[in-house]
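To keep things clear, I will list the structure first and then write my remarks on it.
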Amino acid sequence: MSVEYTFGTYDEDSDLPSISEFEVRFMPLDLVAHWRRCGMTADFLAYFLSHAFRNPDSALGTLSTVINELLENAVKFSADKRVPVVLSLSHFGEVIGITATNTCRDAHAERFAGFLERLRTEDIDDLFVSQIEHNAESAQGESGLGIITMVKDYGASLAVRITPAEGGEGHDVVVRVVLNAEELDRA
Amino acid sequence: MTTVPAPTRTTLATPSTLTLRLATSTGDRMRAEYLISDVYNQHYDIVFSRDLVDLDARIEPYPDDYLLAYRSGQLVAVAGLYVHHTYVQQFGGVTREDIERELEKAGQLGAYDPDVAVEITKLTVRPEYTGERIGMHIFQAAHSASFLTREDRRPVLLVCANQRVFDHLHTPAGITTRFLREFPDYAVHDQYRSPDNPMSSRLIIPELDIPREWWENPLPRTVGLGTRTEGDPAATEDA
Amino acid sequence: MNIETDDFAVSIEGDRSRLVGVLRLATPAAYKKIFDPLTDALTANDAFTVDIVEVKFMNSSGITALSRLVLAARQQDKPLTILGTEAVAWQKKTITSLKRLHKKLTVELS
């Protein structure tokens, strides 16, 4: 089974020059083995970015929250916890792009594409409530609540590409979140 | 849903134009700071910080405001402005009394408040764009009411530079600079000053000392750039 | 009832509880240990208050767990109050949305 799905405007070769680039690459196993490293890494990357803001403290909370959600998802849904996850930050001045890349199982790729299709077509406030009600009944994961809040509450633009993994099992998932720098800087 | 704004791509035509405007957004300020850091690090081995500043350790403070110069969609020069704590007061030992003294000599004590001062700083041209008189254009635009004053701010202007900058930029431009103090020695300036090129802090009384046509020039504005000439101001004005 | 770790602390006293710190546990299930006692306390009282003012971060698994408490209050038809603060991004942005889950949920942001 193979899934090919694109959500949002996924522009791989945007020729807008970035001002600042920062990337971390790690084995998801590192974070699974010590879960607190997720939050630590998110905080670190948020601090890194926050220095470019006039109101670093106000930017920090949003940045850390959004990065943490991306990071947790990339780690949780990595099929092989030894295959590296890449998290990259690109600052374009007006917008900040945060991109997480990981390889997931086929079943997750299908579920995720299904969820994104709902995100694309349904009212996001209704989807938020319905996912919470759904979560309450299932003992399973939070099924995209993190992504919903990023878009609904943090004004994030979301772009996702799901493609069959190159020369292997599973699917490559690239999730890119774009945040408005001006909004982040508002005290 | 993700829309990254398209870059401004103008074909490089000669003669080209230079657009001068104030920095207004987070992105504007970030680009200005990155350009300053890039050039100052390369020229003077300086780093910048917002919280920990140490001139002897080559750590400089960032300005509070910026003037930007764009050529063909690219940021090619910036001028900074200290608004809250000026460099000459913080590090140059310039006091309120120094400013008062010079205002009094000029008969301007009632016209200006010695406590309201700004300082033009970190005038920086991207090195590959020197020789087009971009430095002169941004130097000019920096000495305008549009950059220096605000509704609630009618400041005196402070500046610190080495003698060569005063001789080659201010004097030919017709800008009067009034000596306040020699600038104390800091390691951060060791490649910028020398015994025959001393550094000093000076006062400029805007409406008296800046040519009227410079002072009243509005921002934003676009100026034509001629062909490349020699003798453009150096890539950086001061440290 | 009190739970205290390096990252967070939970205390319950009668019809009030207080969460403090950073809550970024791995899964909604991992939050059971924290939220089950809260649900019990809610069940034992006519109304319940959760103070999250000092919760700096809570991940989406935590929000799922917190909303389960809201759903429990709905099921028992009891008033629930969440005390938060505007100063913390996730509280200001996400918590008010929980009101849609339960008519008797009050969110007070200081």
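Order of writing sets the chain letters: A, B and C. Residues in each chain are counted from 1.
Keep this in mind: a contact is a pair of C-beta atoms (placed from the backbone, for glycine too) under 8 Å apart; a residue touches a chain by one contact, two chains touch by 3 or more.
The shown structure was predicted, so the numbers you read here are calculated from the model rather than taken from an experiment.
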Chain whose averaged C-alpha position falls nearest the assembly-wide average: A
Chain located farthest away, centre of chain B as origin (C-alpha): C
Gap in Å, rounded to a whole number, between the CA centres of chain C and chain B: 52
Centre distance in Å when chain A and chain C are each reduced to the mean of their C-alpha atoms: 25
Centroid distance [mean C-alpha coordinates] between chain B and chain A, Å: 41
Chain B partner contacts - residues on chain A that touch it in the complex: 7-11, 14-17, 19-20, 51-54, 91-95, 97, 157-159, 176, 178, 181-182, 184-185
Parts of chain A lying in touch with chain C, wherever the complex brings them together: 35-36, 38-39, 58, 61-62, 64-65, 68-69, 72, 76, 125, 128-129, 132-133, 135-136, 139, 141-142, 145-146, 149, 152-154
Chain A contact footprint on chain C (complex, rising order): 7, 22, 24-29, 56-57, 59-61, 63-64, 67-68, 71, 88-90, 93-94, 97, 100-101
Complex interface listing, chain B residues touching chain A: 1-7, 25-31, 33-34, 50
